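Below, subunit A partners subunit B and then partners subunit C, in two separate complexes.
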Partner chain A sequence: MAVAERVAPAATAPPPAAVPERSPWPRRFVWVAGIAALLVVGLRFAPGFPDRFVLGVGSVFDGIDTWVIDNQRTHWLFTGLLNPLKDAIQATVDGLVTLLSRMTWVGLVTTAGALAGLVAGWRMGLLAAAGVASFGVLGVWERSLQTFALVAISVVISLAIGVPLGIWAGRRAGVDRALRPFLDAMQTIPAYSYLLPFVLFLGTGYPPALAATVVFALPPAVRLTALGVRSVPATTLEVATSFGSTSRQVLRKVQLPMATPSIMLGVNQTIMMALGMVVIAAVVAAEGLGREVLDALKLLRVGAAFNAGLAIVIMAIVLDRVTTAWSCRERERRGRATRIAGRTVSRRALVVAAVAASAIGVLVGREVIRQQEWPESLTFSVAAPVDAIVEWSQRNLGDAAEAIGAALTAGLLDPLRTLLTREPWWVIAALAALAGWKVKGPRLAVFSFVCVFLLGALGTWNLSMHTLSIVLVAVVLSLVVAIPVGILASRSDAVDRAIKPLLDAMQTMPAFVYLVPVLLLFSIGTPVPAVIASVVYALPVGIRLTNLGIRQVPATIVEAAEAYGATSTQRLRKVELPLARPSILLGVNQTIMMVLSVVIIGGMIGAGGLGFEALVALSKKRIGQGVVVGLSILLLAIVLDRITQAMGSAPRSLRGPVGLSGMGRWPKLRAIRGSVSSERTDGTNGKGEA
Partner chain B sequence: MGDPTVSCRNLWKVYGPRPERVVGSAEADLPRAELLERTGCVVAVRDVSFDVAPGEVFVVMGLSGSGKSTLVRMINRIHEPTAGTVLIDGEDLRACDEEQLREIRRRKISMVFQHFGLLPHRRIVDNVAFGLEIQGVEKADRLAIAERVLEKVGLAGWGNAYPEELSGGMQQRVGLARALANDPEILLFDEPFSALDPLIRRDMQDEVLSLQRDLKKTMIFITHDLAEALKLGDRIAIMKDGRFVQVGTPEEVVAHPADDYVADFTRDVPRAHVLTARAIMRPVNGEAPLDGPTVRTDTLVQALIPIVADADRTIRVVDDDRVVGVVDRTDVMRALVEEA
Partner chain C sequence: MKHARWVALAAVLVLGLAACGDVQEEGAEPTGAGGGATDVAQCGSEPIRLAVNPWTGAAVNAWVAKTIMEQEMGCTVELVDMDEFAQFPALAAGDVDATLEVWPSGHAKDYKQYIEGGKGVIDGGELGVVGNIGWFTPTYVVEEHPEVASWEGLKGNEDVFDNKFLGADPTFTIYDEEIIENLGLDLEVTYSGSEAASLAALDKAYEAREPILMYFWSPHWAQAKYDLTEVQLPEYDEQCAEAAATKDGEGYDCDYAPDVLYKAFSDQLETKDPAAFAFLSNMRYTNEDQNEIALAVDDGGQSLEEAAQAWVDANRDVWEAWLPKA
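Now for the complex of A and B:
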């Protein structure tokens, strides 16, 4: 009976035409073989890009150079706009530095502690005071003040532009759409590529550094403000409207308060981005810690570079933790009075106390101790010990590192670079087009092909291929480490907990910081240090997104797999990894973009390629060369970004609600990092709304 | 009853490009998919007219997608009607400029929302005072009013809490309090209790009924729950595909469904709880002798059952001491059996 029943449906409805069982292997094999054949065939043709297609883009811009020099003192553009702007920036930063130094070191330490304590709690107050004091201890007091002044003013300007723009974009979808491509571009382009125009029009020093920093730090302020305003639920807006709110009332009483956590995250992000520009700022001769790092690196004084780098890291950590704690407290406290030692203290009393403490600190510093600068006797530079470590490790580990470096060079870097430069340009362009076609369609294929062609047409073919080869090697190495670690972290809460603080710390540090310790071991002059540094720099994002993707797999689906008796490996391979794919691919995209940014900076420590060329153009003020290199970096970044973003374009869960799609390197990571805490807020909001 | 407080005439709401051309056209009667394909438009509300008297509870019942939420939002013009008129106390809402419209929203109409719509960043008391704050009422005054209203909805002492600290039922009490704080003439309810569990929902319905006895507001209440509609409504409108298919008292809807759609809805209603003697009585045509027990016209069938069981004579149905009809055991039985 049971058998008959089971047979019956088959009898009535014949099975559909059997789908031939096809393993993916033959198809993949065809692809691999096809690409290999293309590469082999390519080797028979002239390598690189033919000179006759190279456009003289550079020489066009060289004219601008002389024009600027000739007209700097006469043309209205300079006399009426740029020169006053330049002077104003210079005066403001100088003024702030002077103000800070006149507050004296005692005053600054107390003020930093009191302010941080006021907004973020006494622990953060102590952290801030200790942080400021450490600038003195490390013997980089004045440099730190300069860096802080530059960062502070850049952040204020970025926020003054970014927050209103973000509010506007959050309220009007049209504005948002119009702004998006600009913000995308600002975040994808490595800062190097737009430094030169700023130098040309604003000279050297603080003005171009500030302008470049604002460009770099503006996008997260706009994006996160817009995201916050936009995420206010439609019902809540309806509520406000139904009670007769004016548009202004809706903004002031509903949208802004509800967007505050997101805006605070934007402030935090803007600060971190601005700090990430410190060394780049030094490239255009702005004073500060970056200058110290750069000068030391040029002279191969690793210890001194490390010393100044440490100060930047401390500044980053203090600002990050204080602003994060501030926004968390704002959310929790919501205007309630603070309790200290069991007694309720009003907010006003705290403000008075903080101001009083700062004032006393400044007074003591000016009138009692009478010393602006941090006392020489209290300094302890880590340069000497670090140099000792460098020497020691070079003596003892140098050979091993040398061997690793040599293996990396001989085994991966050199062959890949040789291959990429030996191939004719059209093979590379065809491969890019193929990739574009496969992940998205004909439009991306054409776009990729044209971009690669333009790389050649700009005349930077070999440099670009050189940079590309380093990027590819670093990306592969980074992913080889990151994905397994991410899987491990997703499977074990203990591992997750253990690496979380480490990843947090790694993500707080500006990219170039990784270059310094790497130089301890690997010799300058090869791309190896840049590869290692970029691998390390990009690791957290790969680990995080793999981990996040797997952890986001709905529990019911995992349960279903287990109910059918899947082993742990089967669960991973058949359920978790496929579902985590979008998130992991986003990780690949982010890894590539981060690696690219470090490899470009790595130009200054011997990685060569486009980064080095950009540095040369900047230092020699060759505008044409600078523009060409800048455009090349831009093209490379765009092609890599578009193709890898299309690969992972499915993850609605990641891109839509959290708004990650268009965010650049850092904010994306941060948004993900923040998503853990914002899940909680969303949860409560959800409870409030649902 | 006097002039209606809310009066809607030929209201249309069409979404899509150039929606005006669909209004009243032959195309408007096409099936949804075909209309969408031909014009790119979707009709949410079509040609709806109704009056709500002062102090009346008018319930609009329909399934999701029937257009009821759109309809209620046209009464305070959060959604702009495509065609038709809305009169609030005789004032044409669609003729109002921004300023006048805001004034009406601030003083005359308040709304209670399905998902409560509380502002998570404000204390309960500030949520309740929101409408007053928007009107520009002084802080001390509005907080005092808010505390009073909170007491009225049974949340005295919760003013300093935040929405997330309250249960769903309590949150909706806050939503109710917020609407009452403005002391509006008209209350709009957009499926206010559908997110609550059944017991809490019943409490809230009772709360609304008791508030209604005290305050005599004009209410327009949207729901997808027929039992809720029958319990709360003085009159019920059944809505389907943007149209009112039937408007009537709960009893009329249950006793005389206008079409199969309504009948389908009302089939499971325990009729004895809704129908009254008036609905099942027969006219008096010379039957003798008329000396049985008397009941009032609004006696529920439920209450009639023991009476007909005990009496062996035909029961007289009276309205103001005048006999208007008769009921006997068979009538009651039939009314109950039709339930199935």
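Now for the complex of A and C:
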């Protein structure tokens, strides 16, 4: 275990006196003193970023809207290409919605159940049927069909582009390197920055929504396909080549089959990302659940927004579980027949049964029950109870929340923001460079310095520092909660099981849904609500990766520690936490990325900073400003990501796919890692906790 | 994979079943039955698409138009929900045919670019409803401190509001900081960031019966739910008009200008459907009309459809004049 020897000072609290020579204190003191000196010196110089270095990047783009408005009736780009494309997308999604609704609710519930049952086992079949039925029960039947149709088509398109690209990148390292910055950008730049161009070029409704969704959902498909192809052992490839396989044969018979688990994980992630864009889709007038969420929020109907959000969560959970179970079964089955009630049933018989079940369902729905839409009498909206809960907390927790908010503002947010905006730009850049140097080396140091400089050159210095201060506070709060809870969950299976659905819901519920209830509790007009909302969103990933890291510590090592008489606390501090360090640091990295994404959305609830600027650009239709803000967010994210990634110095196979992705389900990492190395190394098999 | 064939066959079978058309539900009426008078111009067969912005007033206009057009003119009207920023591009591209409630203060640039520039959008005339932006405070505050009902009384008594003023979404038309400075008021502006956030702040203050002074406007559903009083600011005058138009608000010291809400159409609507075009151009009603329906929806819990129908049934004299003659 190479990791064990490299335990960093930070992970071990004051060591016992027996080994004074390893004490980290003096060195750490030098660092702290140096940084403090730098900050103090910095205060004597002009704050911020000098105007003369600011490049007018935005104005380059400002003519685009006028050009589009002038030419959209005549130019070939519109008449010959974009308009037909737009009509085709609209017609396809509309067609799928019509088809789904004509299958009737009875038909859809049985079809979903039968299909999921066929590919992923009867438990998943029941889950899928119940999930589809719940859309009806929640009273959002049609909206759910629309969302599902949009997500399904977006995912198909993402995979159609992403898998071939991924294969290419997997086989050619150069392509991989060339694609990475684009993939990072696609996942980091908030949709608000590019919605306006999409609306100008593709109009409103499903087409721009689909384009935005594909932008966000494509990266995991590319990354995980590339990872799968790349991680086929070189020896295997050599064997194939030495037997005289052509390049195409190697791809089809060796690389793709061996990459299948990773590609399946890519499919799963692509679906999750696509669902993450549901609310954004509604902003450009696409029909669906997102519309319900946005409308409800404008009218301050928290319960109604939650009701629609719950449908999104259910759709995400069902699709996640079914695709995961599907890929696991595909891997396991391989030529084995299924057994039901002790008898072997052929694959063909199962298919026939599933088809028959869906056909009967559709027939019954159309001819016997004669109802397309879910009957109103069978609905139960959770809106009223949720509203009651919100009202109760407003009345009873309002004062406490207000006090917490005030303390947070006065104690952390305001001082940090003042400090960051008061320092000259080069102090911040130097700090970033120092951090880069310490965790990796001179190259990362230079890279970080340049990125911070560019941030200033874009002309968004103060906004970026504002956003950074909120992100830092939110990240610290998230970790302070997440790591202890993660430790707790790693110690107790019961806790683990109990919080799992809650974590799933926190990760898939669109942040928009809880922006308003958070607002009702915490101080409006300050960044506090955004901090709270981003902590809610980022907690699961921190908890999960801490939990995962500790659980992955090999049992033999833990036993050895116990045999030497380590107490439970010692075991945790000296063995488990140090060994879980890479996983926990990955959690830190992911927490930062997720916090950043919500802090950006937080712009609409008074958090200010870059997110707010993105909204202003959208509503005032300033394309250039949108581009500048998008790039600033990208730079900020890249610096934070690269430094924290290097800190964790996780194996490259781990870094690739998880790099800069906004929303993910990182426990599945274990599956990635499993596919890469589990067969050979320790006892952790590839199935993880799925 | 061998079973792929089966799955394909299965899919075809199920989809084939489903593709036979909509289920005729029991009791469902055949659509598009125009029961109107014979001398009213009738719509063509293509659906008319109306943009609906996410606030009640916009939805009320659209439902009133839809109800009358479908019942009197045999039109098919589709309502398309969309955010404000998207509606002008949508009109220009012909994705929607009309939007019925544009707030001029928020769309000066669009008006210039799309309407005056002749880029696919035309001015559809006034809606008749006049929007009013201003400073509002819950009436319970004014009852306790009657002096704050006007800016003269507010001056010197800003501590009633803890010297705080809640600004709204800074993308709206706002001159609060200028007004405060130029009237010599001792107030500090914080921006909520969005309409939802402002509403949350209002709801919170109202619940606790705490004082709050904020940027708000009417018509808005919250005006019915919360009893608000507008703080009287100096009357809007030439000088303020000039400050707003040419000096980026510098020197602005009066009330906000009234927003005369207007309709905007795609320039293809007239050729696409002259009857619908004529009707929508003629459509015009008052704040009271719109409020009556909005109240029934926001406060009375009726659906938009019911509330619009009730108003249409009771106000034939108002809308009869909108109908185009054949």
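Note that in this section the second predicted complex is superposed on the first by the 459 of 690 C-alpha atoms of A that agree within 3 Å, B and C clash if a C-alpha of one lies under 4 Å from a C-alpha of the other, contacts with A are read in each partner's own complex, and residues count from 1 in each chain.
FYI, a residue touches a chain if its C-beta (ideal position, glycine included) is under 8 Å from a C-beta of that chain, and two chains touch if they have at least 3 such contacts.
Note that the structure is predicted; figures quoted are calculated from it, not measured.
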Contact-wise, after the overlay, does A:252 reach subunit B, subunit C, both or neither (first, second, both, neither)? neither
Between subunit B and subunit C, which makes contact with more of the residues in subunit A? C
Quick one: is A:199 in contact with subunit B, with subunit C, with both, or with neither? Answer first, second, both or neither. second
Touching A:299, do we find subunit B (first), subunit C (second), both, or neither? second
A:371 contacts which: subunit B (first), subunit C (second), both, neither? second
Is A:241 touching anything from subunit B or subunit C once the two structures are fitted on A? First, second, both or neither. first
Just checking: does A:573 make contact with subunit B only, subunit C only, both, or neither of them? Give me first, second, both or neither. neither
Which partner does A:497 reach: the first (subunit B), the second (subunit C), both, or neither? neither
So, in the complex, the side of subunit C touching subunit A is made of residues 2-3, 6-7, 9-10, 13-15, 17-26, 54-56, 80-86, 89-90, 92-93, 95-96, 109-110, 113-114, 117, 119-120, 166, 169-171, 190-197, 199-201, 203-204, 207-208, 221, 298
Help me check something: in the complex, which residues belonging to subunit B touch subunit A? 73, 76, 78, 101-107, 109-111, 113-122, 130-131, 133-135, 162-164, 171, 182, 188, 195
Per the touch rule, the subunit A residues reaching subunit C in their complex are 65-66, 69-70, 72-73, 99, 102-104, 107, 111, 196, 199-200, 203-205, 282-285, 287, 291, 294-295, 297-300, 347-348, 351-352, 354-355, 358-359, 362-363, 365-366, 370-372, 394-395, 398, 515-516, 519-520, 524-526, 603-608, 612, 615-616, 618-621
Listed in rising order, subunit A residues that touch subunit B in their complex are 233, 235-236, 238-246, 249, 253-254, 257-258, 260, 334, 684-685, 687-690
